[in-house]
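I have a structure here, written as structure tokens, and I will follow up with some questions on it.
Labels run A, B, C and D following the written order; every chain starts at residue 1.
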Amino acid sequence: MSTERPLRLALFGSGRIGQVHARNMAAHPGIELALIADPFIDGARRLAEATGARAVQDPEEVFAEPGLDGVIIGSPTPTHVDLISRSAARGLAVLCEKPIDLDINTVLACREQIRGYTVPIMLGFNRRFDPSFAEVRSRVEAGEIGRLEQVTIISRDPAPAPRDYIASSGGIFRDMTIHDLDMARFFVPDIVEVSAVGSNVFSDEIKELDDFDSVTVTLRGSGGELITITNSRHCAFGYDQRLEAFGATGMLSAGNVTPTTVRKSGAEGTEESAPYLPFFLERYAQAYMAELDAFAHSIRTGAPCSPSFEDGVAALVLANAAAESALTGKTVSVAGANA
Amino acid sequence: MSTERPLRLALFGSGRIGQVHARNMAAHPGIELALIADPFIDGARRLAEATGARAVQDPEEVFAEPGLDGVIIGSPTPTHVDLISRSAARGLAVLCEKPIDLDINTVLACREQIRGYTVPIMLGFNRRFDPSFAEVRSRVEAGEIGRLEQVTIISRDPAPAPRDYIASSGGIFRDMTIHDLDMARFFVPDIVEVSAVGSNVFSDEIKELDDFDSVTVTLRGSGGELITITNSRHCAFGYDQRLEAFGATGMLSAGNVTPTTVRKSGAEGTEESAPYLPFFLERYAQAYMAELDAFAHSIRTGAPCSPSFEDGVAALVLANAAAESALTGKTVSVAGANA
Amino acid sequence: MSTERPLRLALFGSGRIGQVHARNMAAHPGIELALIADPFIDGARRLAEATGARAVQDPEEVFAEPGLDGVIIGSPTPTHVDLISRSAARGLAVLCEKPIDLDINTVLACREQIRGYTVPIMLGFNRRFDPSFAEVRSRVEAGEIGRLEQVTIISRDPAPAPRDYIASSGGIFRDMTIHDLDMARFFVPDIVEVSAVGSNVFSDEIKELDDFDSVTVTLRGSGGELITITNSRHCAFGYDQRLEAFGATGMLSAGNVTPTTVRKSGAEGTEESAPYLPFFLERYAQAYMAELDAFAHSIRTGAPCSPSFEDGVAALVLANAAAESALTGKTVSVAGANA
Amino acid sequence: MSTERPLRLALFGSGRIGQVHARNMAAHPGIELALIADPFIDGARRLAEATGARAVQDPEEVFAEPGLDGVIIGSPTPTHVDLISRSAARGLAVLCEKPIDLDINTVLACREQIRGYTVPIMLGFNRRFDPSFAEVRSRVEAGEIGRLEQVTIISRDPAPAPRDYIASSGGIFRDMTIHDLDMARFFVPDIVEVSAVGSNVFSDEIKELDDFDSVTVTLRGSGGELITITNSRHCAFGYDQRLEAFGATGMLSAGNVTPTTVRKSGAEGTEESAPYLPFFLERYAQAYMAELDAFAHSIRTGAPCSPSFEDGVAALVLANAAAESALTGKTVSVAGANA
């Protein structure tokens, strides 16, 4: 690789997730972060200074830049489809944070617009790149537990996002569960039915926003596989991110991550670990780097992206179905809508 | 206790579960197993010989026996309601194996018949007495994890029962899930909604019997609590019986049980435990003894039974609701039907 | 077994360990506890009442009893050799608590006296019967980790015994470490060298008694195997009893035991277990029952005892060598003195 | 830090450990790797190309380079003292791989030569920077387990080094155990006595070289603390690096590290982890980076180094004492020789 020229990339958005991508690109030996675009130019400037990039305010400056290979879109959700379309139209590879958009019609319109473009368009479902989840999946694929029958996903955030974030998030299914729905499809791409139950057990604020603070979702795959997702918007002991894949001949599980292997035993209890890594920046630090590697690999080789734009569409379809099921109390068929 | 005379009990049924109860009674310092009744008199005789009891063929001989304090009903399900009613009518305390009956109308008729009798009538939901599950529940009750929000129950049998058993079992919800439904109510007595999904992923035989081999159930409690149950009729690594109680300030979990603490590390893998205890006779051996203790305690003190006849009714109501939900794809309201 | 008459046994000593044996014998289907002998007749009476035995004051009454098969010696250490010799002389099988005696000359004299008697004489090194330790050993014997190279034994009491007990205990090596020395010989019977280091880190009382509160011992087997023992007279988190067997192709370990599988996660820490089982009565409850089974088996079949009288001699030889090594700072050769 | 100019460092040695340091320096935002010196200039060139440094053959070129802040010495052991002395004399900070030298007299002579120089001189005992070991130590220092009483260190290499390496290694105590001796001093700096036992259980090659393949060492601290070290030159399940600190009120332990949290359960066994990280490059990858950070911090702030040159001396004194003890079978006093 040392003989290849580095890929030249631009970044949209200098917020929390933009910073993750910017620092990873700056540290990546095969990538040059050329531009960071953000209407809030101060943030872009600070980040550009720390990563050796150039800050710009207007996306047009990105599209006018010669010699770019691709973009990473980490700007607010409402900007996604426009930036995807315009980038793809200019032959720039795209890695876009989830979700594509909160409105499925907007997403489907975007799909039409980019039809025919051949550049890699990748969705930022970072958890597919978590080393533990990825290992479970590859060992399932390798047949280590026989035919896959059930998947249990537990996913709890450490604490609710601020009220404003929640209010514009599209609701827990489209904002939070969507990651787990993609994880379900990572194991069972062809989902045919969605049942969901939502509840309000701890947050009056979330209730006032007509959103749930706790949900469970059951998915059925076309092969009869049953996947259950359990979500909560809070968790006293950290970021709870676990998964079990149960098959005909065994089970593979991926647990939470502690910063070290230290355990303590004392008069009150034994073998106590430290709290789990606090949130996604820590837990999925390796995943973000592996995601960037995969994006670079797709650009260089033209290999199909995973997760793809279509995976982003499918996850939103499932999230919408879950929201509908939680509202109506009825199982929603999504046969044919994904996979 | 040594100064009290032992309780004199009789046992209906000398099959697998009858043998468990007979041996536990024989070993219990405060209990005398007087009679074992079974139409298959040979089985009753063998068991009676091993436990120092007397074998009889006709239940009437039990009811004619003077000085009995109570009975344990371990005979086939269709005999339960009749034996409960007749025993209670004679002032005998009852510990009856689950389910009371597969037909809710029969169960409700039985409830009418025993109305007014004051003897303890206890249902054999043995898992409430598992030391780990019982500890989780008592620590939840003690407020150790704050308000209870979510319960995750995973329960898988090692292998499907024989075809004949399945055919007359009343279906997976009434036969297998019913234990987990009672466990759910052990934590959240007042369940208001039931959603279930069933699937056939590995057994053609079970499919031919119009039953599911794998199911998931989501329950909602009156306080918004969400309980998920995951069942499979088979499990390659033993009897999978786990539970997590998630609350506002923490989580308590109970795991599977291995025969010893031995772990092995070698070139292929590390920290490998032995397979889990194979099935309920081994996993719940302590639970059956604790259940017997609790039954004896209720007889001696008149303390209310837990689980009670009403708990048996409630579990069946939930099992029926789950079966209906799996069939219709609709959430079933059971508000007011239990707790 | 149900057709055999029960073995008739007598018990010497109604103290803490005597009570363990008495209750186990009372509960054992193949054993009848006939007599309990103790000069402190009140204790014997209470225990006899609880177990259906007869209390006697004078050992002679045991030896005069017709139809006895054997005795269990749980009386104070100074009575052991006399009771062993007299029991063996009368054709009674013996299960004697450790140690045979604190004085090796007394032990060797006893060995001479019982030479030629063919009744089973078994030493009460109960840990050989712990299910976890026994499993590690049998899997080592089966070759599961190749040639055995190293054994790591960690053994800590929850709290020091009372001053009077310590004062007459023979010192930590002969009183406490002796169990671990036997455990070492359970894995590597032929020990050739002993090195020990003693220290006083927490108890002024033990120091005043010229004893150590903490010691480590390294043993070398005739095949070059290295065994390390780490002891402390106290442990804040319960009875710490662990073992690792390391071989050419892997490692088998046995860990501490908790009452249940419950683990707690909260804001301060995760996956915390309850404190370990508090002391030997709880941790080795199963071991004492298995030991009794093995004793009964030896009586019935004439099979050689393990641990045998010779194992008791060997452990004392090692304990003496460890005490000498800790005093002199020199490795002590014990080649030929055991195995 | 972004406003400070990077530290300019040079590296001696482009072998395995040199490559670790070179890549870490290249990735470190506050360090510029200026020169790599190695008589085998091809290796230096390849590594320099990959890390943006300049390769030189003669150490003099390093000493002639203007504007250097320090050096990392990763060249063969016999070159260490010369390079330390010459670097320190030129005012260059030094991070030198262990050991300083295999000959204590050479080490002491070097100590005389550098007396009076004030530049940081740090020893490369990388394990002090392992996140788990460092956390245990800091929590012990914080008093979390009360007074420290016992430390158990288990340290096994995956496989023996090649014959040539072993032959010139100075023996297992000076080559391998020396890391564990420093770890012991990390917890208990003032060691007063050393007892060691060596054995040959698996390698005829090592035996022919008059070296041991397996050893145990017991250290006593001036406060009576007992530290045990168990070493083996091979380990079937990976690089076995564990530590337990036992104190008056509890225990802190650090376990082995697996690449992910994945565990597998199947018919043959349950909860099996992957093999541990294979060797020091993987297990101590984070430690090497933290070590480099600490070195940079000392250079910038003048803060005392840990581990220091004196720690290097002390570890060698202990290794020599262990070798002597294993040979003579006598405990060796080292009171006053360290701490």
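Keep in mind that, in the parts below, contacts are C-beta pairs under 8 Å (C-beta built on N, C-alpha and C of every residue); 3 or more make two chains touch, one makes a residue touch a chain.
Fair warning: this is a prediction, and the values are worked out from it, not measured in the lab.
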Set of chains whose contacts include both chain B and chain A: C, D
Same vs different contact residues, chain C with chain D, by half of numbers used: same
Most distant chain from chain B, judged by the mean position of its C-alpha atoms: D
For chain C paired with chain D, centre-to-centre distance based on mean C-alpha positions, whole Å: 42
Distance between chain centroids, defined by C-alpha means - chain B, chain D (Å): 58
Where chain D touches two or more other chains at once, by residue number: 145, 236-237, 249-251, 256, 264-267
Residue ranges of chain A touching chain B (in the complex, touch as defined): 145-147, 149-150, 152, 154, 156, 193, 195, 197, 199-202, 214-216, 218, 220, 223-226, 228, 230, 232, 234-237, 240, 246-251, 329-331
Chain A-touching residues of chain C, taken from the complex the two chains share: 236-238, 256, 258, 264-276
Complex interface listing, chain C residues touching chain B: 2, 27, 49-50, 131-132, 135-136, 139, 144-145, 249-257, 259-267
